[in-house]
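Written below as structure tokens is the structure these notes are about.
In order of appearance the chains are A, B, C and D, and numbering begins at 1 in each one.
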């Protein structure tokens, strides 16, 4: 049973780093790297393992049965999220080995990084509402600290805003969990889903509202997005790519999908709200990105816009829409991580994030420039790269579901995306040279990580080829759309003993 | 007097304390007002038959007050007569009142006070002591039935201490050349 | 029912403070108030009329006890609240060092 | 309140008696967590309050002369690690993480409830030191950092 080890291993590593590696930074980095590799192998293995276990593995703690104790549910959706978490985090750990040369406190960085992975893995696996809240808090606490890692004024300010927003949203989620417990007297997600089938009280709408606001704040949907363009750029580059690439997806989008599709059974009012908010965030994020001159802020607003695409796909509620959303989620985590790492490399070389002080870098930093070009083309949806396919699926799904206007918006924003990324390329890597001198060359681990991610941008398009699609993305889509399977397993165990 | 009336009294007291804490000008008084709200909560826990929580809330409140007072009140430069933005306050009050009115309709549907469903609770109460050997059933839940949550809890505490330690480094970045 | 509504009102008071106040210390206190109200709500829904605390003693027989599960949850929630208070306080101290003020409207190098 | 030297002689004398009472009460709460109200966390907070009490009365340097801050860090991480290790031992004995693998014993006696008292002690050690560390860092932030920089503890 490998399920609990996804949480135990990084947790153990974090405590171990705090115990033995406080003065020895290389040991801390080594432990983190080893854990990253182990988790990466385990997560891919878990996806393979599922096909032999009818698509779901359940694990119960402390030797008790489900509604009494906490259960972990490993199905294709969880496994998919685990793969994203572990692959991106492994690359981010590798990237930060040399990126952290200019920071103090390496061991705190790696310990907090391990705790962030613990929290996200816990969220992806848990089958219990209160446990979801606890693990959200673990990953958020480490995220606040890592955003403020540089201890500059702006970073502290961004971390404070993020912490306030995070605390409000977590409190809302806890309140709604309390209401759910009151009407069902259970905390297990599957059990709650089963009991809500014949529950017709109005208070459930209050729960919907609180959950949408709570998880919407975490995933930066537009009325709740104000913290993201501050918090994500302020962090060190590997953390920015973790936050934008993985954290908001696990805490916001994954949690919303799990709660609303598998537990509440995709109520129509939820789909409508998510659809509208998704389109608004797509448009607002895109337009705001056009006006940015700080390279990382531009990427931050771009995240808001791309998250809008994902929510558009989810809000359609059709199998094709959800397939597109899932695929775009994977792709976005790859190329947004890549783009933040590029920005980090540029910042490492020039010590500035202002695009007006760059220009003509393509000759000095050829690898950074090339990989950044690949990332930009992917995110704006140019054919050979993965972003094209996921956006295409979402647009086709819009037309198929009878919303051609939404498809039009998606195409328009895709063009705007291309425009602001071309602007970024033009002012950063091409055109007139505006910087004075390059402080330092981009080190080895930074280059390697960027090349790997750029390779993944091309490779992940393979997932959409018929034949491979059926065993990967379609399985994930099935889990989301099939509510009965998720809640079924709890039935024979009601109030069971050991 | 029945428990409900006492609780109404304590809750009213807590609401007044909370509003006072948010509106008072002086930092020390505001922190103490919140401390009173927390101690009111501790008393409410006693009335609601939760002695574990009353104890934890009580000591937690003392520690929090000591930390906040020592961390914030010796900063002489700080003046706290800040006026909030009137437009923002108006918007917030309108939205929150709407939410409150919606809440009136929603909370009617909850099981009424004093009559919870307590489906799983029966299981814990009847079999808990025999199965875990702990006379304190709350302890048997947090350390046996749901010990994984407690692991999460100590991890949260660990993270926040490590985070505070990280944030309080004086020098975050080394000088660039 | 009125008890639930009063708790909800306390929650909204905290939310009001966290969204409108300008002073960083007041915002931290408001977050604390929100936490209190949620904890109280969880314990209110666990109460059974005429029940006693869920701890066995030798002299007691089989008496009605309150729901122990929310008490276990609130124990965890209190610790989490303590963690967020500590983290916010340390952030506030550092912000005061850098900006020399606790006024959130002047802590504004970022435009978001 | 003078941070360096602490409070007056009266406070110091009374503290000398009360601090042990507080500390022992915290220990009692931790050890009897499975029998009476309280538990690891409540007891840990009380123990940390006794340290806080000392620090407030005697000034912030008093405590550190006796115990180095890194010892406290070790106890904190060690307590957390002990919790995880007890959980992993559960896997080894019964196949389930955090399982109660020691026999539960007789109800109402101190030596009952299997691993619960051990977990309580681990939580108590962790929470007690952790909360004192938070207090210490927040209250003595500036001077602590300068001092440890000169000692080379923080690079």
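To be clear about the criterion, a contact is a pair of C-beta atoms (placed from the backbone, for glycine too) under 8 Å apart; a residue touches a chain by one contact, two chains touch by 3 or more.
Nothing here was measured: the structure is a model prediction, and the numbers come from that model.
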{"item": "Which of B-C and A-C has more C-beta pairs touching across its chains", "value": "B-C"}
{"item": "Rounded Å distance, subunit B centre to subunit C centre (Cα mean)", "value": "2"}
{"item": "Separation of mean Cα positions, subunit B and subunit A [Å, integer]", "value": "29"}
{"item": "Chain centre separation in whole Å, for subunit D relative to subunit C (CA means)", "value": "23"}
{"item": "Multi-partner residues of subunit C (at least 2 other chains)", "value": "15, 19, 45, 53, 55-57, 69, 73, 75-76, 79-80, 82-84, 86-87, 89-94"}
{"item": "Numbers and ranges of subunit D residues touching at least 2 other chains", "value": "36-37, 39, 41, 76-77, 80, 84, 87, 97-98, 100, 107-108, 127, 131, 134, 137-138, 141, 154"}
{"item": "For subunit A, residues that touch 2 or more chains besides their own", "value": "11, 15, 18, 61-62, 104-105, 130, 134, 137, 141, 144-145, 148, 151-152, 156, 159, 182"}
{"item": "Chain contact topology (line, ring, star, complete or other)", "value": "complete"}
{"item": "Residues of subunit D defined as touching subunit C within the complex", "value": "36-37, 39, 41, 107-108, 127, 131, 134, 137-138, 141"}
{"item": "Sites on subunit D touched by subunit B in the complex", "value": "29, 33-39, 41-42, 45-46, 48-49, 52, 56, 76-77, 79-80, 83-84, 87, 97-98, 100, 104-108, 112-116, 119-120, 123, 126-127, 130-131, 133-135, 137-139, 141-142, 145-146, 149, 154"}
{"item": "Residue numbers on subunit A that touch subunit D, as the complex places them", "value": "1, 4, 8, 11-12, 15-16, 18-19, 22, 60-63, 104-105"}
{"item": "Residues of subunit C defined as touching subunit D within the complex", "value": "53, 55-58, 75, 79, 82, 86, 89-90, 93"}
{"item": "Touching residues (chain side subunit A, partner subunit B) in the complex", "value": "11, 14-15, 18, 61-62, 64, 67-70, 101-105, 108-109, 111-112, 115, 118, 122, 130-131, 134-135, 137-138, 141-142, 144-145, 148-152, 155-156, 159, 179, 182-186, 201-203, 205-206, 351, 439, 495, 497-498"}
